[in-house]
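Before any comments, here is the structure.
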């Protein structure tokens, strides 16, 4: 078994989720042993409490110390998005392997720099888009990669939630551009973009429209003072892929009735798939060859329930139709990351993170120029 | 083209529906010409009005006159259920071809007698279970008949509505046994039984339970006086088929939330189907051979949309996914009936009607004996 | 009852469908009496045959004769799209009421001219977008108009079929711009645009991308000679509505697995709806007020089955959950048209047809300029 | 925090699952500390290996030693079903708290005896029907208990899988009555019965039919020698509840196309629910009061996505629509069990286990007598 000595920066919700995922990956796969070396948070109280709860060997309030610690193999960056750039860069410069929660940074330029630096350093560089490890998405990737869907013609994708529908909810970092980079685009749609990147490859250019449905929100809960919302509540954009496919991507954080509607449809010349994360364990698949028999009498989308034939599933359940969870994607991610440190190939590297941020950057530019923008 | 001179008994809603169906069958198929000879109703006002509206040549208040009329080829019985027996019998005795709206009668014995008499007379004898002509059911029949589903193991079927959920709705003929024979069983479940008969063949025995949810209803709308409901609001029964399959059938007329939930599932050793009339134009089909490939990676129920490959569909729409209507089943029925008078084979004869009523009779007996009863 | 003397131009499939719809409207509503005065087709054989089959009083090969005939109240234009302009214009100039099958013409300019001319003449001018009369769409229109969905934020709509997926299918008028104006855009997406116009009102501007998946097709069935496909197999475009909503519209005629997937989703601040014409009789509706109770415990999209409370439905079925058909929309259309000639208000006039064609024109321009274009 | 010293009997798959659940319950809730004291298995090799893998303090091959160990608070019985009775009884006689994986035993009589003994001893007695803790079922229980569905009229439930559809799969303990008690009935349908017991209360009597679809199977994988299958591949039975509701329950282990189709529908006078475990995180709910507004215009089943308002959910995800897993039910179960040892109320005690086994016993008798049998 492979020891992985972890230094975590950020003792909040995401840091806890990462730590749990490392634990679970060890329990389920038994391939690697995470050693929880040090946890950092600028809030000492929080750092200390979480050190105990999560079982880290020590804590610090100085994140740079984590990056420099010779007992740390992997720096895990789980801080607010706007801090990723500086921390990841410093960790790379110290020659550490780095796990950065998505997004890699809040600008295309910074993410590009980090991806190039990571490549130059030759370390493991893993970007935490957890949907990449969803067995459903892995299945679709496989259908596309093996040609079962033929040439991809078109992609439609949207990620909708209504969590911010209530106008009395106060301003948060999500609404401020210098903290978030963009709105629903970076927060939600980025997940679709990571999956698109994995399955359909690079985009050529994009063309966007957006709207701010709730232009002002209370400065804090219950406050009468209002503050301006700076970024997209709703985003929609056209895309052209390098492979010739076209499509549209959207996201809304005020999408009445939608809870976790991460939905995409991919249409190829030989087949199509439809997937909705709210029904995590089922994929709709259509094969044109079914229509070629009996003049189409028996053809139709198949409701495929995830089962052990779909990559990753078998570690959680022994048979199809038994529900796996959203968090299981994170466990698969933690395992893939630790295996990467042992030399295995992995998908979701900083290059992918930088490409996603490159698309987001192009979308933001397009909103300003009202033009097609190169990714 | 084949002329069919029709004498209609019963100038109500169903008589109108039959007449419209004959019209439509002529317009759509162009195979037969219905001649609307005479319409009978014991309410002269109604008879006269409907003669004009529906375009019959003459009217009468004496239904026996219709049965004896030498200008009538086909007697169409569209009266209340409890009158079917007498009228059909008289029409047969007069050597007429007979179209009897479902049910054939309100007792197994009477229906058996009518089926035998019709066979002896050698006339066309058509029982109006309209679901028989639904292209979806025809498709399933075909899948079973050709062995695509293998050996049938099991059938689950239910027909649920909530039309009578409101306890303030008054007593009608449906609630009185001498007028209806039974409750939800004869009114709704009989439709499932006709489809079961066509697709899966004869039943051997049944075993039933029922309940009356609303034991008393107003004598008439708004009345304070209550009258006893005599028959099943909810019926459920076990069945054994002659072919070895087992199953359960149910029906409820007080099924909160269900509007026209005619639902069945047939499980065979090589495949299964699921159908719900509320989604009339789609059939869920699973083929075991899909699961035999790639260790089951791609298997799942296919959502088959009705299309011109399914018997009957092409007369209404040129392509799959375009909705046909409940009433189109009646048009197909009218056409099959007129074609039967021209020598074509047909499915839904009095023998089938008598078998359905035989099952209903056995279910009613089982409710009394609390035993398995032979069909 | 109101007599409507009809002169039909075009004795093909659509002419037959119109005639059947007039027949059915009379049978079902009994409000108006269509008089089938004259049928015109430049193919005399076809004109003569269809005169007999459809029951017109006479036929002609000169469509101008129909427009000038003093015995004709309504000129019904059911010819190929590229002929609409000339015929409609001539009929209007002759002071006739006009029913023009969609599209009004194949260019925004011509359609604008026809709408203005019709308004000036003060005649009934009805454009045949049949989805306008679908009870499901009428229901959604009502939800929006009465404010039940709040302020509309966003619309997503697509109309996908795979009828032209097979590359061996030959070139038809659909692929040639001077005959069709555009591809999937005008043929399919126009139906969505008509419904959007009715429910959400005017669009401000659009921005489009398209692709031709099968760039060449056989000159005729079985031919080795190939001819260039001139217009969009797949179209996608962004829209901004005048009311501030944004959205995306798409259509594909090579959408593997989709048969008649006319799908839209409308998100408002108080509720959302989802509709798919493949499940014609059901509408998914979400009301935010459901989520405001019990902290959202019981909220979710409601699967509303069409029933007599939805405008138009009651004429076909007496209760919810019983399937109505695609063709019933055409019957409702024929009735609305005849009633319009009797002074009733109607929705789908040439103004609406011109607006739809105006949007299509803007989309086509946007494909050329790669810019946002005003509608 | 509450220490719970555990002695596990059975070092197989289920023993591992229980141990993982205790671990997870500690991690997620932080209320109780499981101490993994001793693990027993008659296979010493297995006992030793699993002691290390699962982290037990010691192992033994003598299960009685576990029951007598003063350092053990809770005896966890995770052995083959036919051994439960003897082990549970001995543990109770030694005054231990007992957690017995479902079923409590393989006969109604033994289970009754165990339930009575446990009650007399006053110890915690927990039966491992994991679906009891599914937040979806807890939600439905709540809807029924608070009267939101009104009086329950009818229940339909089935649990179908096709795992044993392949006739070349060999005989296992599942097919032998002295090891399993019954077939699909005890293995699968028992899960439905536990949920029914929790939500709808006691049954009065049952009436059953069954079939063996594959009467003989290979003695072992690949063998030509066949052995008789002794129990039901398919079971269906009618039920009468003490509260007056009626219903039908079924299960099949050869149900072509069904993977984990645990499905039930409960119809009450004020509302109905439909649930399918293959879509674990969604519950269909209909409220009659929705139909009472606007004459039923807006009514329909609501697709409720599990969210933090549903008991148990919030421990796994912070918002609705994010998938939880089948295994999370086991974590909730382990927590409820440990909390019970700390004095909290719990639902799934031996009394419930005995009632489920009482129903199963009555069903088995009914198969023999072909009569209604009291539960």
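Just so it is clear, A, B, C and D label the chains in written order, and each chain counts residues from 1 on its own.
Just so it is clear, contacts are C-beta pairs under 8 Å (C-beta built on N, C-alpha and C of every residue); 3 or more make two chains touch, one makes a residue touch a chain.
Being a predicted model, the structure only gives us computed values, none of them experimental.
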Q: Compute the centre of every chain as the mean of its C-alpha atoms, then state which one is farthest from the centre of subunit B.
A: A
Q.
Please tell me whether the contact surfaces of subunit B and subunit C are same or different in residue numbering, using the over-half criterion.
A. same
Q. What is the distance, in whole Å, between the centres of subunit B and subunit C, each centre taken as the mean of its C-alpha atoms?
A. 36
Q: Please work out the Cα centroid separation of subunit A and subunit B, and write it as a whole number of Å.
A: 54
Q: At least two other chains touched by the same residue of subunit D: list those residues.
A: 258, 282, 299-301, 305, 307, 320
Q. What residues of subunit A sit close enough to touch subunit C in their complex?
A. 149-150, 153-154, 156, 158, 160, 162, 165, 207-211, 213, 233-234, 236-238, 240, 244-248, 250, 252, 254-258, 267-272, 286, 288, 291, 299-301, 370-372
Q: Mind listing the subunit D positions that touch subunit C in their complex?
A: 139, 282, 285, 287, 290, 294-305, 307, 309-310, 320
Q) Residues of subunit D touching subunit A in their complex? A) 20, 23, 27, 30, 53, 161, 163, 258-261, 277-282, 305, 307, 316-317, 319-328
